[in-house]
Amino acid sequence: MSPKPKLAVWKFASCDGCQLSLLDLEDDLLAIAGAVEVAEFREATSGVVEGPYDLSLVEGSITTEHDAERIRQVRAASKVLVTIGACATAGGVQALRNFADVDEFVSAVYASPEYISTLGTSTPIAAHVPVDFELHGCPINKHQLREVVVSFLHGRRPAIASTSVCTECKRRGLVCITVAHGTPCLGPVTHAGCGALCPAYNRGCFGCFGPMETPNTAALVPLLRSQGLTERGVERVFATFNAAAEPFREAATGG
Amino acid sequence: MLDQLLDELRSDGYRVLGPTVRDGAIVYDDLGAASELPIGWTDTQDGGTYRLERRADEARFGYAVGPHSWKRFLFPSRVRLWRAKLNGGAPEIEQDAPDERLAFVGVRACELHAIEIQDRVFLGGVHVDDDYAARREDTFIVAVNCFEPGGTCFCVSMDTGPRAAGGYDLALTEILDGEHRFLAEAGSATGAAVLERLPRRAATDADVALADASIERAEARMGRTMDAFDLRGLLAGNLEHPRWDDVAKRCLSCGNCTAVCPTCFCSAVEDELDLGGGVERWRVWDTCFSLDYAYIHGGSVRPSARSRYRQWMTHKLGTWHDQFGSSGCVGCGRCITWCPVGIDITEEVAAIRATEEVENDAALA
Amino acid sequence: MAERRTIRTDYLARVEGEGSMTVVLENGRVDHVELRIFEPPRFFEALLRGRSFTEAPDITARICGICPVAYQTSAVNALESLCGAEIPEPVRILRRLLYCGEWIESHALHVYMLHAPDFLGYAGAVELAQDAPDIVARGLALKKTGNELMALVGGREIHPINVRVGGFYRAPTTRELRAHVEPLERAREAALETVRWAAGFEFPEREVECDLVALSQPGEYAIERGRIRSSAGLDIAPAEYDEHFREEHVERSTALHSRTSDGGVYLCGPLARYTLNHDALSPLALEAAREAGLGPTCRDPFRSILVRGVELVYACDEALRLIDIYEEPDAPAVEVTPVAGTGYGASEAPRGLLYHRYRIDGEGTILDAKIVPPTSQNQDAIEADLRDVVSRHTHLEDDGLRHLCEQTIRNYDPCISCATHFLTLEVERR
Amino acid sequence: MVPRPFRVATRAQDTADTWTLTLEPAAGDGPSIAPGQFMMVTAFGIGEVPISVSGPPARPGPVVLTVRAVGAVSRAICAAEPGHVLGLRGPFGNAWPVDAASGDILVVAGGIGLAPLRPVVLRALERRTELGAVSLVYGARTPADLLYGDEREEWARSIEVAVTVDSAGAGWTGHVGVVTKLLGSAHVRHAETSAFVCGPEIMMRFTAEALVEDGVAPERIFLSMERHMDCGVGLCGHCQLGPTLICRDGPVYSYAELAGLMEVREL
C-alpha cells in the first residue's frame, strides 16, 4: 500500500475559524484523518511530521516579514497549496489597514507600539506564492472544505461554483429580499459557497465570500444607493472582509 | 369546494402543491388546506420589484405569478441521478426513480405553456430525461385563469394567456361577484372524474359571462407588451447589435432570470465522492450566465457579459424555435420582476427592433 | 558552576492561535517564565473606528473563530445599553441559547480534542481516536450538537450572520427549535458521561491563589449578561470595568496583559465562573459536579476539565429549558437608534470574561473601541502558575518538564487568536 | 443517463500526453458506432467528458478512444490501466458522411483532431476502390505530438499522407508550419472533393475558408464542433451553437451550415 498522503494545515494572520471548519466536519473528520497522515495541524495535534506535504491548507494573510518568508517555505514543501478563507484569499478584515496609516493603527491598539513590528499591509497568500486553489469565505463553508480535501486527494477539480450567491439563493427557492423587500443585497456580485445564508435569514448578503467570477459592482451600486445605502454605507459594505479583493476595493473607493 | 378538491386529490395519492404566502411573496409549496392559499393578497410587480398587497376582497387567486414556477417540482434544482459503490470490480450503479404523484393547484395559462415547452425539451426528442419523465407522469394540473395580471406580464403578446386553453385536468375561474365561487371545466378524463366527486351545480350563462369578462379584462390589462413578430429572424439578424453592449453594462450576470424562468432547463452535473468509495452524480440547475457553462479546455467560449446575455435572450426568443419548434418565452414576466436591476426583455427587444426598423426605413427611402 | 537550562516550545499545539513558551532555570531555580504571543496583530480596535455601530457584531466576530458568539454578544450588549434598547425576553432567550451552543461546541472541542489527550498521553484527538474511537465519537457528537444549535439560531457555526444590534434578523420558529430537543437530550447524557470519564483521570494536586473574576447574574449561571464579580468581593457593572482593571502592553508579545488596577493578577474562565456561581448551576449539573468530587469551589487548573464538563451538562440542560420556554417574538429585533456616548458590555466567553467598550457619535459611527478578551486577562495568571509548577518540578528531565508546562498552559484553554491584541515553551536552565 | 461499466482491455501511450484505450463492456455486447460519434466517458468519482470514438466504424465490438490528458477527467481516463472500469454512455451525435462521399476525399486534422477522423480514414481505406484520390493532411504542435505513427505509415501505402508540425526540433525533415499551408499539396480534384476537418476551431475555420477558395463546395466540407457537454443527449443545454445543439444535431456539420455562425464572435 502506498503511504498515505500528508496533509498540513498552516496558520497566518487569521481568527482560526477556517481551520476550525476542518474540526467542525464532525461526521467526516475521522474518515479524513484515516485517509491522510495529518502531518501538521497545531490546533488539533502536537504531532508534527516532516514535509514535503501532499496538500497544504493555508489560513490567514501575510502581515509580517517573518510570515512572508514562512509562506515561501510552506510553498516549497507543498505539492498542492490551497488557501482557505477571506484572510488567505483576499487579506481578510485586517487588510483594512492597507487603506490606513498603520502606525496610527498600532498606537490605537498597543500602549507601547515600539514593540510591534508589522508590515504596513495585509496581503493574500497568492500575492506571495503560487496558489493551486482558493477557497473563499469568511469563514469558509465546511462542506466545501471537505470537497476540496477529497478532490485534491483524488486528483480532481473540486465542484465549487464561482457564480453569484443568487444562483444558490434561487436553487434553495428563497424569495429574493432585494426584489421583494427592497433590502440591499450583495448577492449578485458575491461568490457562491455559503448557500445563500443571509437571504435565508432575511438579511442582505454583505459579501463575506468575496467577489464572484464576473462581478459587475458598477451596475449594483446604484441599486444599493436607491435602496437607502449611503455613499459611506456602500464604501463600508464593500470594504469589510474582502476589502483587498480588487473588484470590491474598486466598488468601495468608487472606481 | 377547494378543500374538498385538495382532499380528493390527496385521497387519490397526490402530493398537493399550490400557492401560499411566505417571506413576502406568493410561493409554491405543499398545500395542507385551502386556508393556506394567498386569500386576499395580490402582488404588484415591475422591473426589479415585487410587493404583496392586501386586496379589497377575499380572492384566492387574485395575483399574477410569484418567484417560483412549477419547474421547481418537475425539474428540481438539485437531483441525484445515480449512485455507485466503487469496490474494485464493476461498480453497481443504482438510479433514483422519483415515484411521487404531483398535483399542482393554481397553474396559470403561461405556466401551462411553460410545462408544455419543458415537455418538448425533456420528453420530445430521441433521448428522454428519465427523472423529468418520472416526475411528470400522472401530474394532475388544476389551472386557474388569470383575472389580475401583473405589472410585468405579457402573455397576450406571446399568445400564451391569460385563458388556459389546454394542458390541464381541471380549469377554474374564480368569480368574485356575489357569492364566492369557481367556474370549473374538466380538460381530461381524470379531471372529469375528480370534478364528479366535488359539490357543484351546473353553471348558468351568467356565471360563464362573468368568468369570461374577468379574463377579457385581464387581457386588456397586461403590464408589458412585446412585438413577437419574427423574433427568430430579428435576433438572428442582429447578433452584433450595439444594444448587446448596452445591456452588458447593466447586466449583473447573477443568473436570476434563468432561475426564475419557467422554461429555462440548463443543468450541469456534479460528481460527489466520499472517502468510503461511494460516488454520486447530481444534476443541478446551471445558468448560461456562468463562465463554466461554456467552458472548454482553455477558457470560456463566452467570456463577455455581452455574449452571455445575448446567448440567453436569443435562445429564449429565437433559436429555441430552431431547437424545439416554439418560442422559449411564455410572457410570464418573471425575468423582469426578479432581475435585481430590472432588465426588461420586452424593452431589449423593442430597442433592437427600433433600430432595425430605422435601418429598414432607411433602406426603403 | 552555574547550570542553565532553557526549555522552550516554539509552537504551542492544541491551543487556538500561535504562541510560544520559554522557561529559564538557573541553578535549579526558576529565573524567568515567558508566554509569547506572536500571532501577528490584526488591529481590530483601530479598524472599528469610522465603522457603523451596526457593524460591530460582524467585525468583532472575526477576532476569533472559536468564540464569535461571545464577541457578538459583548458588542451588542455594549451598544444596546448605550442606546437604551429594551431587549424583549424571547430575543434574550435566543441569545442565551445561541451562547449555549457556543459553550457546548467550544468546551467539547477543548475537553476532547485539546485537553484530554494530555491526561491520556496522546498527541491529539486523532491519535486518541485510533485507540478509543467511541470516546472521540462522543466528543464529536457533543460538539456537533452545539454547532447545529448555533447554525440554526445564528445561521452558521462560525461567524454567525443572524446577530444584530437590537436582536436577530430572523427568529427561529418553535418548530425549528423543537428539532434540537432530542439531540440536546442525547448531548446532555454524553456530557454527564464526559464528567464521569474525566473524573477518572489522574490529577496532580494544584491550587491557584489569585483573584477569580466572572460575571454573575441573580437566578442564573451567568453567560450572556451579568455584573462583574470577584472572589475578593468586587461587584461592579461592566461600565465600571476600566476603573478596576487595566491593560498593559508587554514587549515580546502582541497581546496585551490585564491586571487589576492595583496591579493584582487575576483569573477568569471556568474556574472563576464555577467558584463564584456554583449555586446557580442546574440540579443535574450540581449532581455531576458532586459525583466528580468537585466541591463548591474549584481552583485547580488541571480539574478545569471537570468544570468544563459540568458546564457542558449545564449548557445542554439550559438550552433545553430555553427551548421549552421560548415563544416566537413579534419581531426578531427592536429598532436601535444611535445615541452619542460610551457603551460597555461584557459576557462570558467559553474562556472567560470578554469586555467591550465603544464610543460612538450621534450618527452611530464608532469613534473608538476597546476589547479585552479572556486570554489577555489570564496571561499573567498563566505565567504565575507556570512559574510555580516549574519550581516544584525542576527535578524533571527537559522533555517531562516541557510536557508539564504545555499542559499547564492548555489547562487554561488559552485562545491566542483572541489575545492578539500569545505563545513557543522555551525553558532555559541556567 | 446512467453510465454502463466498461473494462479497459488495452492501454497504449501515443505521445507524452495522449493514450489510446480499448474498452470492453463489463457485461453484454459492445455498441455499434458510426464514424464521428462520441461517447460520454465517466472516470468514477472524477467526472464525465465527451470523447470521440477513434476505432474502426460500425462494428459492434470494443470501443477505442484516444484521449489527450488536459485536465482532471481526461487525466484519469488516460491513467486507467487494463482491468480498470470506466463508465460509458453512447454513442451519441451524428456521423461523418463518409459513406455518402464519392469522388475524392480530403481529411484535414489538427492535433487530437486526428482521433475522431481515424474512423474516416479507416472507412475510406475499406472503400478505397470506390473512391478517387484520398488524402490526409495532418498537423501537430511538434513531431513528438504526432499520433498513430506506425499506422500512418501503413495508411501512406494506400492514400496520400502529408504531415506538418508547428515547431520542429533537430532531426525533423518534414514540413514546418500550420496545416492550411499544406492544403495545396493534397492531390485532390477540388470540385469533386468531400473534405473532413477536425481540430481547434480556428484551424477548422481557416481550413474551410481556404478549401472554399480552392473550389470545394461548402456543402461538402464537414467539420466536427466542440462545446462543453454535460449530458451528450440534448438535455443539458451546454453545447448550443446558435440554432443547434452540437451533441444532438452534430458534432459534424457542413461548412454551409456553420460559416455564418463561425463568424460571430463568442456565439
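Going by the order they are written in, the chains are A, B, C and D; count residues from 1 in each one.
Note that in this section a residue touches a chain if its C-beta (ideal position, glycine included) is under 8 Å from a C-beta of that chain, and two chains touch if they have at least 3 such contacts.
Note that the structure is a prediction, hence the values are computed from the model and not measured.
Asker: Per the definition at the top, count C-beta pairs in contact and tell me whether B-D or A-C has more.
Answerer: A-C
Asker: Work out per-chain C-alpha centres and flag the one nearest the whole-protein C-alpha centre.
Answerer: A
Asker: Report the inter-centroid distance (CA atoms only) between chain B and chain D in whole Å.
Answerer: Taking the average C-alpha coordinate of chain B and of chain D, the gap between them is 40 Å.
Asker: Could you give the separation in Å between the centres of chain A and chain C, each centre being the mean of its C-alpha atoms?
Answerer: 25
Asker: Counting only Cα atoms for the centres, state how far chain A is from chain D in Å.
Answerer: The separation of the two C-alpha centroids amounts to 43 Å.
Asker: Just the number, please: Cα centre separation of chain C and chain D in whole Å.
Answerer: 65
Asker: For chain C, give me the residues that contact two or more of the other chains.
Answerer: If we look for residues of chain C contacting two or more partner chains, we find none.
Asker: If a residue has to touch 2 or more other chains to count, which residues of chain A qualify?
Answerer: Touching at least two other chains: 154, 156, 202.
Asker: Among all residues of chain D, which ones touch two or more of the remaining chains?
Answerer: 45-47, 71
Asker: In graph terms, nodes being chains and edges touches, is this line, ring, star, complete or other?
Answerer: Graph shape here is other: it fits none of the named patterns.
Asker: Identify every two-chain combination in which the chains touch.
Answerer: Every touching chain pair, ordered by label, is A-B, A-C, A-D, B-D.
Asker: In the complex formed with chain D, which residues of chain A make contact?
Answerer: 154-157
Asker: In their shared complex, at which residues does chain D touch chain A?
Answerer: The contact residues of chain D facing chain A are 45-47, 71-73, 75-76.
Asker: Quick one: in the complex, what on chain A touches chain B?
Answerer: Touch list, chain A to chain B: 28, 31-32, 34-35, 147, 150-151, 154, 156, 159, 161-164, 166-167, 170-182, 185, 187-189, 202, 213-214, 216, 218-220, 223.
Asker: How about chain B: which of its residues touch chain D in the complex?
Answerer: Residue list for chain B touching chain D: 81-82, 84, 86, 89-91, 93, 95, 121-122, 125-127, 129-131, 236, 239-240, 265-269, 271, 273, 279, 281, 286, 288, 292-297, 301-304, 306-307, 311, 314-315, 318-319, 322-323.
Asker: In their complex, what parts of chain A are in touch with chain C?
Answerer: Residues of chain A touching chain C: 11-21, 23-24, 26-27, 29-30, 33, 38, 41-48, 63-64, 67, 92-94, 96-97, 100, 102, 104-106, 108-112, 115-116, 118, 122, 138-139, 142, 194, 197-198, 200-203, 206, 208, 233, 236, 240-241.
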